[in-house]
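What follows is a pair of complexes built around chain A, which joins chain B in one and chain C in the other.
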Partner chain A sequence: MNKMKHILVCEDNEELIRKFSFEAIVVKTKNPEHVGHIGRVVEETNKVHCIELTIEDNLSGLNPLDDWKEVPLHIKAPRMGHFLDFVRVRHLLAPLSVRVFLNSGYEETYTDLQLMSSLGINCGLYFDENPINWKECTDLMDFVVYPKVPRATVEPFHYIITEYQPKETINFSGVYFNNPEKYLHIDKNENVALTAENLTAGKYLFNGVEQIQNIAENKAYKAYFQTWKKKFHKISACSACPAWRICGGFFENRLESNPGCREAFSELIDAADLHYNNKEKENEKQPQLCQL
Partner chain B sequence: MANLLITQTCVRSCPYCFAKKHMDDNDREGMMNWKDFIYLVDFLEASGDRHVSLLGGEPTLHPEFPDYIVYLLERGFSVNTFTSGIMNEKRLRRLERVLAGANPDKISFVVNINDPLKSNYSETERVKCFLESFGHVSSPGYNMYRPKFEMGFLFDYINTYGMRKHLRLGLTHPIAGKKNAYIRLPEINQMIETLLSYEEYFIRFRVKAGLDCGFPLCVYTDEQLGKMYKISGGRLTFGCGPAVDIGPDMMVWCCFPLSDYHKKSIYDFNNMQELLEFYREKQMNIRTEVQGIFEECDTCHWREENMCDGGCLAHQLNNFVNEAPVRMPEVYQV
Partner chain C sequence: MPTVIFKPTEKCNARCTYCDVVSLREPKTMEVSLLKEIFIKMDAYLKEFPEEKFEFVWHGGEPLLLGNEFFEAAIEYQEDFCAETKDRINHCIQTNLTLLKPEHIGFFQKLGINSVGTSYEPIEGIRGIGKKVNSELYNDKFFHGINLLENNNIGWGFIYVVTRKSLEDPVALFHTLANLKPDGGFMMNAVLIYGDDPDNLAITPMEYVDFLGTLFPLWWQHRHRWPEVDPFSSLVKNAEGHNSLGCVDSGSCGYEHIYIGPNGEASQCGRSADWGLISYGNVKDRSLQEIMKDPKREMFFERQEYLMHNDCMDCRFWKICHGGCPLDAYDEKEKNFDRKTFWCELKSVFIEKYFEPITGYSF
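Our next item is the complex of A and B:
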């Protein structure tokens, strides 16, 4: 048993999945037809935390299937596609437990997420090697942070705003099932890694799913939690960044090629702070009644 | 209900055009983008308003016009579009396809129709094509800009295309600082006579007249008022805005004739109530300087009793455009 209660992230591989007995697992698939089936396979011995479906086409071309209703779902699509086609998909997605992520590298993504959120679809940005448009990103943050009417969530900003604590750090990689405090990644050969990137790069913690129960004693695992402290040993853009607490250097590797994260996330941390203080004030105002 | 101007260009150049000054003074290519549109829809919804009017220029020229309508419907809004009905075949067919399944109780068009005998042939034919497709969700609009005019064609259109039996009648007003055709004050009586010469048509075809803003009460005789009462279905008002127009640049103004007075950014307001309050106050201030279009307005008991607002302010403000600023600042363009 995994005492640390990690959630295991694996590929769409039935043989592998049948080997575990976890309280929660995330399965990544690229096959829309497989979503419902893989959900049922997981439930035989595990519990589904989420199925992550990556599609190559635009969201508006997707044909959600009936059996998707049974599973919590993340859909990663490059773009939303044409609005009128999206409206058709929207009606099919509405009854599902789904969050849709669009690629941050496309100019229109930032507006499309506003559209989707305003029409009740929980959604978010995902980041890959494509450059981020920080100006558009800041507009999207404003949209999320200062809503005029209730809307669906937009990640990772919604997560940051709601989880923010003035004296704590946040790791929003969890939105992408990539926070080692909560998720571990495993391949078909049972190699276990801290992150999806480490798994791809062959940087494994160990081999064998049964070892996960002793992960707290694993040296590489323990070392990971010290690494962020090392970032402050020398002056760097991230160590001097006011937004560090909510970002944790997520965009560190694109600081030179695609600068702008500091300004955008500094605005976001200010907004998160304001949001937190407002919430605190609201709580203060509530009169304490006796228990009935 | 706010008017969202999604374009600033038009396919016609009507002699009375109330949007002309605004279009001339602004970038004709300017169009409302999605982000601003979403902001405005949120703004209206937050104000408890689920009705919106789309205007231009010609709003159907916006490449996303059908998408905007669908978006509004998806958000639970009802949408009214002020259009000339002139669009090319491709656009018309696309609009038809997109709105095929839309709830007819949630969409409407006010088609501003000019006298076909005074319009060019191809324009008139395009309007007819539009009405063939959308007549059942359209009502005609007609702007009276001459004291004598022909209106029979409007009833023909209503009957031929199964249009809604409501005729929106606009009294044309001057645009301060611009030359446009409009009904001069001494011409109003003649205009009313012309209008009421169609009383029988209204009654026979059961069409109701909806009077736009700026009609003065005292220009009617009691007999005319009685007729107006009947053809308007008992809905007679003699008010003056604010109408509230919001442009593609997110600037707001009270109404087109006053588009250069007290222009503000939409971001200066938290909701429609604040915005309306602002323009009501401005109008009240202006009315302390000019009570109405006639000298009699100063002491008029109909005005005191809020039965008439004193006609369209644009008539009086137009007189102040070129004078030295000796009056209260509210009456001058800024």
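Our next item is the complex of A and C:
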């Protein structure tokens, strides 16, 4: 049992999952048929935090199954697809506890997410090696942070806006189950890594699920949380970025090939600030009622 | 509360380009026996003045160059000789952190130091180690020290020294300082260079004003993000009627400071000792009561009287300035301090050009 209460992120592998007990688990699968079943396997002795289903086709081609109702679900699809087909899927998704992520690399993704949010589907952007359209991304952020009517959430912007604290640095990778403060990644050979990327690259913390309970003492684990300071040895693009405390250098490796994060996220931090201040003011305005 | 600026060593492991310590030929370090005397004398002072406390600032040079024995002795002497008064000795330290080891954490904890003052510089070639002023190595060790502090829940704040190189991109620099310490806690001081300036680091007071003026609107707009950034936050506190003045502006350092150097030499502060301007004798020969009542301190009070009726008469900034640091006002020929300093223009221009129009406050 892990004392620090990390949520474990693993593949869709029953043998591995049955080695855990009393853990909260995220299972990544590419098989829509497996979602309900793997959820039940986890629940035997553990707890489903979420099932992450990655599909290769557009969301509009998806056929949600009845037993998906039982699990919290993330769906990663490259794009939304044709609107009329999406309307059909939307009805099937509506009763589920689901958040749909679309790939940032497609032009229409940004407006499709606005549409999905307006139609009440919690959704978000996910980033891979594809470029980000920063102009569209900024419009999407505006849509999220200045809503004219109530809408479903769009990640990671909703997370950033709601978690923002003026005097702290936040890490939005948790939206993708990839923040080592909260999540650890494990493969079928019980190799444990800090992030999904480290797991893929073979950069393991250790081997063996039983070692997770001592992770607080693990040198590499502790060192990870200090690596950001390397960026402050000199003035760097990220150290000097107004949005550092809501981004933490998430887009650093695309600064040259796909610049624009600084401007977009600087607007977002200003919006987060405004949101925070408004919330504070509203709290101040609340009348003090007596305890009943 | 008297502040003891305690400089037990002039030695340093670093070679910051602007620092006088680097050029000392024979840097001195205090003997442990003298440390014992200082604790005995602090105890006597505190017993005579039961309402008083000491702020005891470990300074240097680099105080972490002192061996473990020195810190162990300080802890022991405080226990042995200040048994009844130790709660009224508040230790602080100003260190470059590059030599911080786990055992220092234990010393800090025993001395009740729960927050450390340090210095940070992200521009290469200014703060560094060795003849080549290796900044990469310096910052590597510096951040190692910061990690050690944070892992032990010890807070920290830092001084940033503004040099000519800082003027190249003040905004990028400011974000770097503010991002390093999201909850704030740093001050930006102008570099002071009185002799040669081979690295061309000196800045004029007006350059410092414009540096601050570039950053002030940014800070003001987002001040709840970076609350404790000086000199801005102190100015705001003062404008709002809460007194928050450093020694330079307080007009009262004459009543409050004692410097003790490595050989026990007593002076007003580190600068007065370095410049050989004010000597209060030696702690080996005098009690702290005598040093605190030294007749030479009168000249600080006289200066205040003089300025109020002359240079600074009717100045609306008097309450937050008091004519500036007496040492900056020293006239070699006249051998006195009776004038305002060259920082006067700086303060008034900054406040009138930037502070008041942006904040709407008025002094």
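One rule holds for everything that comes next: the second predicted complex is superposed on the first by the 291 of 292 C-alpha atoms of A that agree within 3 Å, B and C clash if a C-alpha of one lies under 4 Å from a C-alpha of the other, contacts with A are read in each partner's own complex, and residues count from 1 in each chain.
Here, a residue touches a chain if its C-beta (ideal position, glycine included) is under 8 Å from a C-beta of that chain, and two chains touch if they have at least 3 such contacts.
What you see is a predicted model, and the numbers here were worked out from it, not measured in a lab.
Superposition of the two complexes onto chain A shows chain B and chain C fitting side by side, with no clash.
In the superposition on chain A, A:84 contacts chain B only, with no contact to chain C. Contacts of A:148 after superposition: chain B is touched, whereas chain C is not reached.
Within the superposed three-chain arrangement, the count of touched residues of chain A is higher for C, of the candidates chain B and chain C.
Of the two partner chains placed by superposition, only chain B is touched by A:119; chain C is not. Once the two complexes are overlaid on the shared chain, A:166 sits against chain C while remaining clear of chain B.
Look at A:241: by the touch rule set out above, it reaches chain C but stays clear of chain B. In the superposed three-chain arrangement, the CA centre of chain A forms the vertex of an angle with the CA centres of chain B and chain C, and that angle is 110 degrees when rounded to a multiple of 10. With the two structures overlaid on their shared chain A, chain B and chain C come no closer than 26 Å at the level of C-alpha atoms.
For chain C in complex with chain A, the touching residues are 122-124, 135-136, 139-140, 143, 146-147, 151, 169, 171-173, 175-176, 179-180, 182-184, 222, 224-225, 227. Across the complex, chain B meets chain A through its residues 33-35, 38-39, 41-43, 45-46, 64, 66-67, 70-71, 74-75, 98. The touching residues of chain A, when paired with chain B in their complex, are 83-84, 87, 90, 111, 114-115, 118-119, 139, 143, 147-149. Only residues 166-169, 222, 226, 229-230, 232-236, 239-242, 244-245, 273, 277 of chain A touch chain C when the two sit together in their complex.
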